[in-house]
Amino acid sequence: MMNANRPVTLFTGQWVDLPLESLAQKVQTWGYDGLELACDGDHFDVDRALSDKEYLLAKRALLDKYQLQCHAINISLVGQCVADKLIDARHKRVIPARVWGDGDPEGVRQRAAQEVMNAARAAAEFGIDRVIGFTGSPIWHMLYSFPPNDWQEIEAGYREVVDRWNPILDVFDEVGVRFCLEVHPTEIAYDIYTTQKTLECFNHRPAFGINFDPSHLIHQFVDPTIFIEMFADRIYHVHIKESIRRLDGRSSILGSHLNFGDPRRGWDFITAGYGGVNWSEIFRVLNRVGYDGPLSVEWEDNGMEREYGAREALALARRFNFPAGTRSFDSAFGK
Amino acid sequence: MMNANRPVTLFTGQWVDLPLESLAQKVQTWGYDGLELACDGDHFDVDRALSDKEYLLAKRALLDKYQLQCHAINISLVGQCVADKLIDARHKRVIPARVWGDGDPEGVRQRAAQEVMNAARAAAEFGIDRVIGFTGSPIWHMLYSFPPNDWQEIEAGYREVVDRWNPILDVFDEVGVRFCLEVHPTEIAYDIYTTQKTLECFNHRPAFGINFDPSHLIHQFVDPTIFIEMFADRIYHVHIKESIRRLDGRSSILGSHLNFGDPRRGWDFITAGYGGVNWSEIFRVLNRVGYDGPLSVEWEDNGMEREYGAREALALARRFNFPAGTRSFDSAFGK
Amino acid sequence: MMNANRPVTLFTGQWVDLPLESLAQKVQTWGYDGLELACDGDHFDVDRALSDKEYLLAKRALLDKYQLQCHAINISLVGQCVADKLIDARHKRVIPARVWGDGDPEGVRQRAAQEVMNAARAAAEFGIDRVIGFTGSPIWHMLYSFPPNDWQEIEAGYREVVDRWNPILDVFDEVGVRFCLEVHPTEIAYDIYTTQKTLECFNHRPAFGINFDPSHLIHQFVDPTIFIEMFADRIYHVHIKESIRRLDGRSSILGSHLNFGDPRRGWDFITAGYGGVNWSEIFRVLNRVGYDGPLSVEWEDNGMEREYGAREALALARRFNFPAGTRSFDSAFGK
Amino acid sequence: MMNANRPVTLFTGQWVDLPLESLAQKVQTWGYDGLELACDGDHFDVDRALSDKEYLLAKRALLDKYQLQCHAINISLVGQCVADKLIDARHKRVIPARVWGDGDPEGVRQRAAQEVMNAARAAAEFGIDRVIGFTGSPIWHMLYSFPPNDWQEIEAGYREVVDRWNPILDVFDEVGVRFCLEVHPTEIAYDIYTTQKTLECFNHRPAFGINFDPSHLIHQFVDPTIFIEMFADRIYHVHIKESIRRLDGRSSILGSHLNFGDPRRGWDFITAGYGGVNWSEIFRVLNRVGYDGPLSVEWEDNGMEREYGAREALALARRFNFPAGTRSFDSAFGK
Amino acid sequence: MMNANRPVTLFTGQWVDLPLESLAQKVQTWGYDGLELACDGDHFDVDRALSDKEYLLAKRALLDKYQLQCHAINISLVGQCVADKLIDARHKRVIPARVWGDGDPEGVRQRAAQEVMNAARAAAEFGIDRVIGFTGSPIWHMLYSFPPNDWQEIEAGYREVVDRWNPILDVFDEVGVRFCLEVHPTEIAYDIYTTQKTLECFNHRPAFGINFDPSHLIHQFVDPTIFIEMFADRIYHVHIKESIRRLDGRSSILGSHLNFGDPRRGWDFITAGYGGVNWSEIFRVLNRVGYDGPLSVEWEDNGMEREYGAREALALARRFNFPAGTRSFDSAFGK
Amino acid sequence: MMNANRPVTLFTGQWVDLPLESLAQKVQTWGYDGLELACDGDHFDVDRALSDKEYLLAKRALLDKYQLQCHAINISLVGQCVADKLIDARHKRVIPARVWGDGDPEGVRQRAAQEVMNAARAAAEFGIDRVIGFTGSPIWHMLYSFPPNDWQEIEAGYREVVDRWNPILDVFDEVGVRFCLEVHPTEIAYDIYTTQKTLECFNHRPAFGINFDPSHLIHQFVDPTIFIEMFADRIYHVHIKESIRRLDGRSSILGSHLNFGDPRRGWDFITAGYGGVNWSEIFRVLNRVGYDGPLSVEWEDNGMEREYGAREALALARRFNFPAGTRSFDSAFGK
């Protein structure tokens, strides 16, 4: 035996400029086991999935043709709109026109909520049980308490997220699908303490889980292995991606309002294996807590050619995907 | 000779619950040389300074009574309102009622701008040439580029700050006073690259300078000595304060929406001398660039009694306030 | 106000070669507030304290003469015998002859248990409510699992300690005194996880508390501030002492069977303030959890003259014994 | 030419639950050059080797069938009993019943000594010249000097080991075999200074050498390359294994009486290549001192599946087994 | 697509004991794309290249036979003589006899200058446009300012180098070839600030560029990526080589007058990939600045067999030679 | 008792612009115990000391007037000339004209040798037994082996130093004075391995000892405590001075041919106590090896005012000059 059983998939969000079939062809050649489909481009259309009987059959046929599995769809960009306070052109650029509508913030939030419910229904229809997404946050802009926060507003922010998402999660429960929040700055949960508080606010309802992605923790100096241990029973999906800190006294960990890829930034996203993250330790903890879901590669690295990066990350995922020990090393003594 | 000539003052912003005279009494006992007066409480009232002939004479008499100098007044909280995008209850709590008015954001911005102009006039009247303050920022909420920023908006943010502040700085120039931005998260400039860009946007006009405060750089991993070297000619005022990083894998450098003083935060403010900052290096660079203005202690440390902290920081400022060498150590060989 | 209220005492265990009066004289001169009396030499005799009415009166009179307080007595060496598996010449050298008796291990354990009970009674008689001590351990020799431990024996070891100590603690409860285990290698609890387990095994009975001494944690790489936070409600007494790591690739953290003071050891005890421990952080946590008991200096530093060390450690304890903040630094804004 | 000549073997101690032939089959497939046979299970039976003419011939035939070499046998568990002070159930579980006998400690020690002598004879008979083993220690329980050690007892402990082992080593000399102590906690030598002292106590007799295993040095902060340089002429065998330190302020380097594999331990064993050890430096020193014996992989990693680990360690041993340079890089200039 | 286009060559300077054809044969087998020819041995003879029509044709034919490219020749050892202050037996050993002549220092300098001019001419004739070399330095011996330097002499040293090299560079310009200084201790430029100053002294004339080799920066604690960014437009050639620091409190970073390969040295040269250099970061910067020239492996590692090292370095160069990203990871959102 | 007995002196070499009496006056006020006199200015004139009977009497009277001791004179600058290969204007600037003479290198070396002999005679006459100095080095310029060193020349360099200095040391022996080399770059011994070799070359003759100065070791990454332990019996004098490393990726540990005080240098000299050196550890080792000679402060810090620096260094020397422990901390147990 060689490797643990977890399949390695590629998240298609950074590849929606390619028709799904072109991408599937490449991905099979590289050796991936499957795809995490973005609800974007021609990759996965929630609307058509629900309205057109043939759509999902054709989608499945395409995947089968290239022997690719699918364990999750990803609705991050729409999810972001559900609970954001500020809704503006940044959102408009990344969501479907029908969700944006006239752009009135509250209207966008309502339509986004409907779309996420539909994503759960479409996923169920497609025979999968995970939807990856963001939640948005009404309080992200109060990150740094100046002018001094009224701490009651922070509390209210958590409650608002719960109020907006609980009806959505009810639909998830109805159709037997789970929501996996990618813990991430700009979301209601972005580190250990905010995740802890968010889960409590939702009374730990099982429908609300986590897409673990260490790249968002590293630049915050949060230890990914502690994160996994603390939230083990809510980790339903895993992203294979890193970030790197480049702190030389000149750069800032906050990013300096510089775009990703700018060498003056204090941190940046980087292909898994290139930033110094201890993947051996991460996989040991995943083994220990019994995680057996997909390992989904997300390519976000402005300093490496996209296809090269996708292959490097796959190689890393294969190498560290070792099986947990099933016996103690000193158990054979004296046998 | 023992110490460099720079006076050590106390910034009164965290003491406005005390009448100025009570504070002055204490401060003299402790051994301070003077005060940096907050435009708050009964410490310094911009309105009365301009409308009531006697006001400034009485203020000066009080300072003289306790042999205290004054080199700067501080209008930070009002300055914040000049260019913030979101104006809400957080601002209302910290500015004078007449500036808040009905709270309509643009109205607040306009009145705040007038108030800062008046602060410059009052400072001139009082015989001093520095006003410390914040600028606010229309783009702070776009710190983390998700949903993805439109980078043109970032550019527009810088321009808006310039447009709002240039008329104010014209008043500063008229009355011969300089504005000292405390480089700080939530402001238009909060690290090296944003400071560099801000100064460029203002075409390096001399009226716009910096209040150097290392406590806002440390938690960003920015080296304070490089900051001083790069902006030496615009550092008009110095705050003596530190921050400390407490990164143990659980805490986040972003702060987790936890209040200052909460031990789960990844960083916190702390009395100068208690956080590991290399003040020897900072003072060497201040010496090298010829800074000879005030060293103003700001107490922000929720884990130490306020008066104890004020005395410890003073002791530190005295100890490190050593004179620059005036000769090379090997210049005497062979004489 | 300048300092927090905690008294600074000197533990007399390393000074029992001096008559108590000689020591008291010196200690008063140096500026200490009191003594933690060792049950050894003429410092504190448990037997006489219970049998001779005059003994405790005379002891108190002596302390009063030099204006010294007493908050605790220390029975460490006898306590060690209560639950050790191996009882041998090492024990004989450091306990009273009447406790050693014929040296039969189980007899020594029984007599040691009686002596500790008597120490509690004597403390109560003397008007104090803390006895500092060790517990011994039946499983210390199994520290390194080779030959492979039977992990049931480890469990049994914890239970044996509880069984031997519960009757002793009953006496403590009767007389209103608390036992303070110095968490320390060779004892049943020597780090965070063994302390956690020990407290659980005792069902967290209040009579069983901790003498916090960071010198035993540092060389194990345990963070003393986390220790305080986790066991805050059981920390009844504090020792001011450090240890230092000297790891140069040749030395071992285990100590190489070399005596203290040998420069080839990988770690050693050292006067507080000379080993790099962050006392500022330790005192902040003590402030946060509300510890207001004694700070007791223990001199163990074979590289510094004894009296010099006692004075240096006192100076450190005074310096860091600052009061906690009573107000938030931004609470005065806008007053 | 590609690799240095050293063969890579697998130590079979953690595989004695498998019949030797099953293991041999696997090991050949993986690409190993040979086996270091444990004196345990059906792998190598010292008693039968000496009493049954056919036994060794059959053993050799089996190895030849799978083209596997054998350079050493390993008698660690029995060796441990020769000089341990405490002999108890831990020992009983891991040694042959005939050595345990009635379990009387001194009887066990005597029979263990005989068994080790026989192991030397059997090795010679089998045509090999190395026996790997432990020595046990009469003073391991005095690791931490409390109750304070009588340092004469430490000295006596070293002498006792010499007295018990010298007659054994005489047999080794007679049959031309060498003993290789695996320097390891719980043995008389466990770091640099105890190894130095042990070798001196044996007057550096050549029969007493070392099985170098860096996994026991790393968690003590001992630099393996210094170890090799200091004892180069006594390193007769090498184990390929690592340990990893996981010190997060909560865990202790002493291990907290927690079993291997427990994530709360401060250190643990781990497959070579997964713990951060600098194997390039170790191999350079092995090259420099001319070590040309076997590299024997020992699998002890409770977090990785056993067979996966055996293959990863083999790959590492091959990669770093590079030949020493035979010429200086600047020797060709000007030729 | 898989790799960036940069060819990987081997510098032949450490292989001149082999006839070029033997080396070419090996190098092709290993998978190199070409050779950087040393002006030494039978590898490249400047004199014959200019005097013998057939010489270069035969050289090219030999390279073609083994499908090897050539992008540069290397005249380092002769270049060193052009501006060194001390010319002695060290130089004699490594340069052609005709350049050494009678060994009178100024004569050697003049003849060396002529030879470098001829190297440029020969390169042009051979159809290539890079000559790698050293400059020598009249001030290297004043590295440590004791006896105290007259800093005017340092200035004069830079000027002397310019005066000696400008006429040589004129020839380079005539024939369309560029000189690539390997920034290196003992040369006029050996770190960032001396390179900056040297380039300024030459008025940044394009004929004078850099052969970037990180192995000379690492032991000086200079960050190679900053070096590349600062001098991006003058980096015409790249060496793949590392150095390693081995600082254990005993060794000195200056080298202790010990030869390379001596384990007591504080640093040493080492095969790329074995010393901890972050090649991922180096290649990202090379990508960013658009470097598309050769990657030339230089073997200098006295602890690894020469041919083994050449193959390991090639493997590293191939692995990290990834293409730069051509698109932003978030540019596909919403397409 | 408070402090160890070692006197604290000030080396006058950086103060020769002041008449000795002015300096003595200041130094007494600051609290020094004495002076280490430079053979320069009017501080100590070797020539007059030997030729003019009254000179030494007057010198002694002056010291007595200010109650200052003298334990050593310092002839560093002349000593440098005895064995340097390059003798040039740098030397001329720092030595007496009569030693320079016509500047012919060999003549300078001879006259310098005579002067050092005379310094020994003058010291004896003055009643002291230490002369501090440099040796110079014929091989310093070969620090970096390129062009490749002929390692026989390195050997020859050591021998030349011995040949030049042995006759000088004979005079030292005659008059009962010892030479104390300040181990320092540009001298024959500048780190641990070169010191070891130098002492061996001199056959460890007692007349040749060391002036220990950690400031020259720190920037080489040499651990000063190891240095003391290795050469304990040859350390005759100690300098209290530090250096600091400022390595930011741009600066080089070699110094970039930049003068002291230039912030771009990778290291610089700095007042004791301001650079992070662990003086507690240094004094513990000095105590352990029984060093009881002077502690001589040398001021070399271009970033701190000279008199301020002299006082800070004195305060540090007093604080750390603690007595060694005379008893083990556990020796009192059971008394």
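By written order: A, B, C, D, E and F. Residues from 1 in each chain.
Criterion: a contact is a pair of C-beta atoms (placed from the backbone, for glycine too) under 8 Å apart; a residue touches a chain by one contact, two chains touch by 3 or more.
All values reported here derive from a predicted model rather than from experimental measurement.
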Both-way neighbours, i.e. chains that touch chain F and touch chain A: B, C, D, E
Chain E against chain A, contact positions shared by both copies (same if over half, else different): different
Averaged-CA centre spacing for the pair chain C and chain A, given as whole angstrom: 50
Where chain D and chain E are represented by their mean Cα positions, the distance between them in whole Å: 46
Chain centre separation in whole Å, for chain F relative to chain E (CA means): 40
Contacts with two or more other chains, residues of chain D listed in rising order: 77, 93-94, 145, 148, 223, 226, 248-249, 259-260, 330, 333
Chain A to chain F touching residues, read off their complex: 248-249
Of chain B, residues touching chain E in the complex: 145, 148, 330, 333
Residues of chain A defined as touching chain D within the complex: 1-3, 223, 226, 229, 280, 284-285, 287-288, 322-335
Residues on chain D engaged by chain C in the complex (per definition of touch): 77, 80, 86, 89-91, 93-94, 139-151, 153-154, 184-186, 190-194, 219-223, 226, 247, 249-260, 264, 266
Touch list for chain C against partner chain F, complex: 13-17, 40-41, 77, 93-95, 246, 248, 259-261, 263, 269-270, 274-275, 299-309, 312
